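I've put the structures underneath this note.
Here come two complexes built around chain A, the first alongside chain B, the second alongside chain C.
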Partner chain A sequence: MEKEPEPSGTNSVIEIKNVDKFYGDNHIVKNLTLSIREREFLSILGPSGCGKTTLLRMLAGFEHHTKGEILINGESIDDKEPFKRNINTVFQNYALFPHMTIYSNIAYGLKMKRVKKDEIEKRVIEVLAMVRLEGFENRYPSQLSGGQKQRVAIARAIVNNPQVLLLDEPLGALDMKLRKQMQIELKRLQRKLGITFVYVTHDQEEALTMSDRIAVMNRGVLEQCAPPSDIYEKPGTKFIADFIGESNLFESVVEDGSDSTDGNAHLFSEGGTLLGKLEQFEENELLYVCVRPEKTLYSLASVDGFSLCGIVRENIYLGNVIKTIVVLTNGQEVKINLSPGQVPPAIETVLYIYWNVKDCVMVRTISHRIFTELEKVKLNEYGEVMEAEPINKEEVKSQEAP
Partner chain B sequence: MLFDKTKFTSKTVPLFVMVSPATAWLVLLIAIPLLYIFVISFCSTTESHNIAFSFTLKNYIKLFDRTILSIYWNSLSVSVLTAVFCVLIAYPFAYIMVKTSPLKRTLMMVGLMLPFWTNSLIRLYSWRTLLGRNGYVNDFLIYIGVINEPIEMMFTRSAVVLGMVYTLLPFMVLPIFAVIDKLDKTLIEASKDLGANFIKTFCYVILPLTAPGIFAGVIMVFIPSLGLFFVSDLMGGGNNQIIGNLISRQFKEAFNWPFGATLSIMLIAITIFLVRVYTKKGGKLDELGAV
Partner chain C sequence: MERQNNLSVKIFSRVFSFFVFLFLYAPIVVVILFSFNVSKRNIVFEGFTLKWYGEMLNNSALLNSFYNSLIVAAVSTTIAVIVGTLAAIAMHRYKFKGKGIIDALMYVPIVIPEIVLGISLLSSFALANVPLGNITLIIAHTTFSMPFVVFTVKARLSGFDRSLEEAAMDLGANRIKVLLGITIPIITPGIISGAALAFTLSIDDFVVSFFTTGASSVTFPLKIMEFVRSGIRPDVYALSSIIMLATFIVVIASQVAAYRKSKE
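On to the complex of A and B.
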C-alpha cells in the first residue's frame, strides 16, 4: 500500500529504497520504500517490535541496512558515520551527559564542530529560550524533571540546526498532561524551525495530532504512508483499520453473481449479508469491511441489503459518547457510538446493524497482495513454475515472513 | 526513645542469634588485634626484645628518620608506577571485554582469573626463570645477537613494578570492567550523533564517566602494593624495600614490634586517607569490595 499522495511540491530529503534489515535470521525491516520530504512532520507509527526504531537508527547511522539504499539529499549514506550526517537524534531516554551542565550538554555539538565560543554562547542562550529553560544553564541533568530533561534533549539536537531531526518516542516517559503540552510545543517548534521531523511513536493519538503524514508499520512492513485524515478515514489495510482508532471489521466475500445495479457491492459475512463499496474484486476474495463505531447505525427492522442481526449486550456511558455493544449471531461484537443526547437501545433488544455505504472502507490484509501475485504463477505437474510472470520475488518472500 | 531499637524482645532474639557469630568473629579477629597494634605502637622494647608497656612517642618520631623516609619514598614511587601501568593495561582490556561477544568475554575473564588459583610465590619465581641472568629472555637475546652480555633484569625497581602489576592487575580490571559495562551506550551514540568522532567521544564522555572505576581500581592496586613485601623480596632481591618489607622486618628480624605497629598504623592511615578521597569524590564503598 505504498500509494502516496502526490508530492505536495516539496522536495524529498531522505529517500529509502527497498531497504531490508536482518538481525541474524530476524527480518526486522522488510523491503521498505519511503521518501521523507523537506519540512514535514512525519510520524512512524506501529506496535512495539514493528521495526520503527530500527528504521530510525538506520537513518541516524547507528545501524546499517542489509539491503537496499538510503539516500540523504541524493547521496548514499552507506559509508557516512553518524557524526558526519546532518541529522540529529532525540533519544528515548534523553541520553543527556550526566557529568555536564545543561549548558555544556547543549554546547557539545557546536563544540565538536569547532564553532567559536561567543557564537556557541549566543546559540545556546537562544535555544534555551526557545524551549523555555532560561536560567538552567548551570544545572546538571539529575536536577531536572522529566519534562525539562526532554526539552534539554530537544534543545541539544536543534542547536546544531540539523536538516532532519529524528525523535525516538521522546514523550514516552512523561505523564499524560505533560505529554499533551509537549506535543503542542513540538509541533510549534517544528513549524518555526522548518526542520524535517521524523517522529517514532506507538501512540496513535500522538501521531494523529502532530503529523503531516503518518507511516504505519507492522511486522517490518510499511503498510501505508498518508496524511492523518487519510489514515483514519481511508485505511489502506486491515491492520491499519484495526490499529488506528476503533472500528468494526466484517470479514466477508463477494456474493456470487451480485448485481451491481444499485452501485453497491453485495457481500456475505458470517453474521449475514451486508453492503460495501463496489471495487475491483477477485473471485472468492476475502475482504474486510471497516466501519467506524460513530458511523455504525442500527434499526429495529432489517434494512435493505443488510441482515446483520444482533442483541444489545451493554451500554457504556463515557461522558462525551455512549458506547453500545451489540453481539451478532456469530458472536462478533459490534461497537456503536451514540452522542450523549441519544437514547441508547435497551439491553437485550434485538436489532439490525447497517451503515451508509459511503461511510465504510473496504480493506484487505497485506498478505492479500502476495496471494494475488501467487495466483498469477502457473505451476506444472511437478510443482515447478511454468510461466515466469514478472513478479517481484523478493517482495513476496519478505511479505510471507511473519 | 533512642534505646527502643536495642530493646530485647522475643522478635529480636533470632536476629541477635544470627548476627552474633559474625560480630564475635569481627571483634575477635579484627577489632582486638587492631586495638593491640594501636596500643603497642606507643610502647617501647626492653633489652630482651619484649614489649615494655609504657607510653612513648619515639616510634612516631622515628618515622621521620631519613632511611625510613627514603623507604617510604621508594615504596610510594613503586606503587604509583604500578597503578599507572595497571590502568594502562587494564582499561583497554576491560573495554574490549565489554565490547566483545559473551563467549570471548568469559574466556578473557577466565584468562585473567586462572593464574590466581596458583600460589603467587610460585608464579613470581617463574619470572626469575624468565628474566634471570641465565633466564630464557637473556638466552634468547644473546642467541639472536642483540646483546653479548646478559642484562640484569631481575632485582631492579622495574622488576618489582613488573611483579606488582602482574600480581594486582585483576583488581584493576574488575572495577573498570564493571563501570564500563554499566555505561549507558546511548550516551556514546548521542555523542557520535552530535558530531564527535571516537577519540573525542572517549575523551569527553567515556573517560569522565568511567573515572570512578579507574579510581576504585587505583585504590585496590595502590594500597596492597604498599604492603606486598614478598613481591619486592622475590623480584627486588632486598635492594628495593617497600613499606611492607619494613614492617615484616620489624616483626620477624628486628623484633621491634612497637615500631612495626607504628608503621602498620601509618599504612592504615594512608589507606583511610585514600578511601576518604574516593568517597568524597562520589565513589561508593560497595564498588571497592563488591567486584
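On to the complex of A and C.
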C-alpha cells in the first residue's frame, strides 16, 4: 500500500486517522488513514462490501468508528451528532420526504437552522435553478422521475452550503444515459460550488471520469489513494491493477542472482522469463507484473529477457479496437489491444509476448505488507511462506486480495 | 352450451351476492325502519312518525350513557394511541432483550376471550382496591385497544425507510424534530386507523365494560342491555340510527379523502 502523500498547499477538511470499524466480530474498516482536501472531488471506489459506505456513514455521523480518530477542521467528531456537522449527504435512494413538497424538502435544512423565511425562499429558488428544476416547487416527490428526484436530493443537500457533500452511489438507480449526463452535471456543480465531494461508487468508470483523487478500498483496507491517471497507470496493488480497467498480470519472482547491469529486473514466472522495473524488491519475492492490453506487444521471434511463448486463440473486432487473445504455455490468457489499422496475427500463430519495461507496473498483494512487517519470514520460489513467526492466520486471509 | 354455463354462473353469483348483502344489511334496515314506526311494539310497521327521535332527546338516561361512552372511548383511545405508537416505534427501531416476548404478549389481549379479560381486570381492580367507575372503564378499554394501535402502527413502520430519518438528521434536525416532523407524519395513516379501531372497540364494548364498571358510570351498550330486559323502545332505534348515519358519513368522508390523496 502506498502511503497517502501529505497534502501540500491544499488544506485538508477531514482527517481520518487509523480508523477501525467493527460490527460485532466483523472487521468492516481496517486501520484506515486518509485525508480529504478542500474543494476536491474524492471518490471512494471498491466492490460491494468493501466498507466504503460504512466509511461514508461514519463521516456523516450515522455510524461510530470503533478505534482511531476522525477530525473535521481539526476537531474530533466523536461527540458530534449528525445534525451538528457541517456535512450533508445525498442518499442512494434519495430519501426525499414523501409528505412534503419539493420546496419544503429543499427548505427543510434551512428551516432547521432557523434561516429567515424570505432568505429561505431566495435560496431554494436559486438552488432549484442550479439543478434545472424551476417550477417544481409545489410537486410531491412521488410525482417526479428518478433523475428529477436525484436532482432534488442534491439540491436539498447543497442549499445548506455544506463544507463537505457526501454522496452514496447517487446515480446507482439511474439508467446509463441519464447517469452519464448526471456525472457531467455533478462535476460541473462541484467546480461551481467549490465544496468537497466525497463520492462513494463501485463503478470504476464513474470514479475515473469525475474524480480529482480516487481512494480504492478492498475488504476494509484502503489500498491506494491517488489521482485517476495514477490509479490507472501506477496501480499500487494487485487488486487495483485487476479491478481498474483491463490488465495482464504475471505472477513472478525475482530471478536468483539476477543481473541488473541492464537496469531491468529479471523475473521468472510460470509462463517464462520476463523483464520488469528494478525496484525495491527482494530476491525470491512474489510479485505481479501488470501490463495493460494496449501496452502489451508481440513478436514472432523471442525478445531479449522475455520467453513468454503463446498461441493466438482469437481476434475480436470491437470497432475502435481489436482484441487479440493469446494463450501462454501455462494456460494463462493474455489480452493484446491493437488499433483497427493494424493487421492482427492469424489464429494459431505462435508468438512471443513482450513489453517496454517502462510500460509495466510491478505490484504486490496487500498481504505483502504483513509479511514484510514480520521478521524472519522466508519465502520459497513461489512466494509461499516457508518459516515465519506465528501470525494471525485470520488476518492474513481476510486481507488477501481475491 | 358454454353460453348457458356463463348465464347460470352469472345468475348464481347475482343470487349469492344478494343473500350476502341481505344478511349484512337487512338487520340494519330493520332498525332504521322501526325507528320511524308509530307502534311501540316492534312487530308490525303501523305508520311513519318522528316522535321517537323527540323522545330520544328527552330520554336523559339513554343520552347520558351515550355521552359517557364517548368520553370513555375518547380518553382510552388517546392513551392507547400515544402509548401504542411509542411502543410500536420502540419495538420497530431497537433491539433489546425480551423483545420477542413483548411482541408475543401483545397478542394476548386480542386472542383471550373477552370474558376472561373482563374477569381478570375485575379481580385486579378489586385486589388493588380501585373503586369501579369511569377510571377503571378507561383502564380496561385502553388495555384491550392498545395492541391494535401497536399492530397498525408497526405495519405502517415496516414500510418506513430509515434513511428518511437519517436525511432529516443530516439536515440539522434533532431527534425530537425528526420524530415530530418526519416519522409521525409519515406513519399517520397507521396511527389514524389504529385510533379508529380503538375508538370503535371501546364504543361498542359490552363484556369487559360489564365487569369493570360501577353503578356510577354506565356506557351505551350497557344501557341498551338494561332496556332489553324491559323491551326495547323505538327511541333506542332512533339513537342507533343516528349513530349509524354518523359512522356512515365518517367512513364515506375518509374514503373520499383517501381517494383524493391517491389521485394527487
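Keep in mind that, in the parts below, the second predicted complex is superposed on the first by the 371 of 402 C-alpha atoms of A that agree within 3 Å, B and C clash if a C-alpha of one lies under 4 Å from a C-alpha of the other, contacts with A are read in each partner's own complex, and residues count from 1 in each chain.
Note that in this section contacts are C-beta pairs under 8 Å (C-beta built on N, C-alpha and C of every residue); 3 or more make two chains touch, one makes a residue touch a chain.
Computed from a prediction, not measured in an experiment: that's the story for all the values here.
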Superposition on chain A - do chain B and chain C clash or fit: clash
First, second, both or neither for A:Tyr140, with chain B first and chain C second: second
A:Arg191 touches, of chain B and chain C: first, second, both or neither? neither
Which superposed partner A:His64 touches (first chain B, second chain C, both, neither): neither
First, second, both or neither for A:Asn88, with chain B first and chain C second: both
Partner chain(s) touched by A:Arg132 [first = chain B, second = chain C, both, neither]: neither
Which superposed partner A:Lys117 touches (first chain B, second chain C, both, neither): neither
Common interface residues of chain A - those touching chain B in one complex and chain C in the other: 60-62, 81-83, 87-89, 91-93, 95-99, 108-109, 112-113, 156-157, 160
Touching residues (chain side chain A, partner chain C) in the complex: 60-62, 81-83, 87-89, 91-93, 95-99, 108-109, 112-113, 140, 156-157, 160
Chain A partner contacts - residues on chain C that touch it in the complex: 161, 163-164, 166-174, 177, 182, 185-186, 264
Parts of chain B lying in touch with chain A, wherever the complex brings them together: 184, 186-187, 189-197, 200, 204-205, 208-209
Touching residues on chain A, where the partner in the complex is chain B: 60-62, 81-83, 87-89, 91-93, 95-99, 108-109, 112-113, 156-157, 160
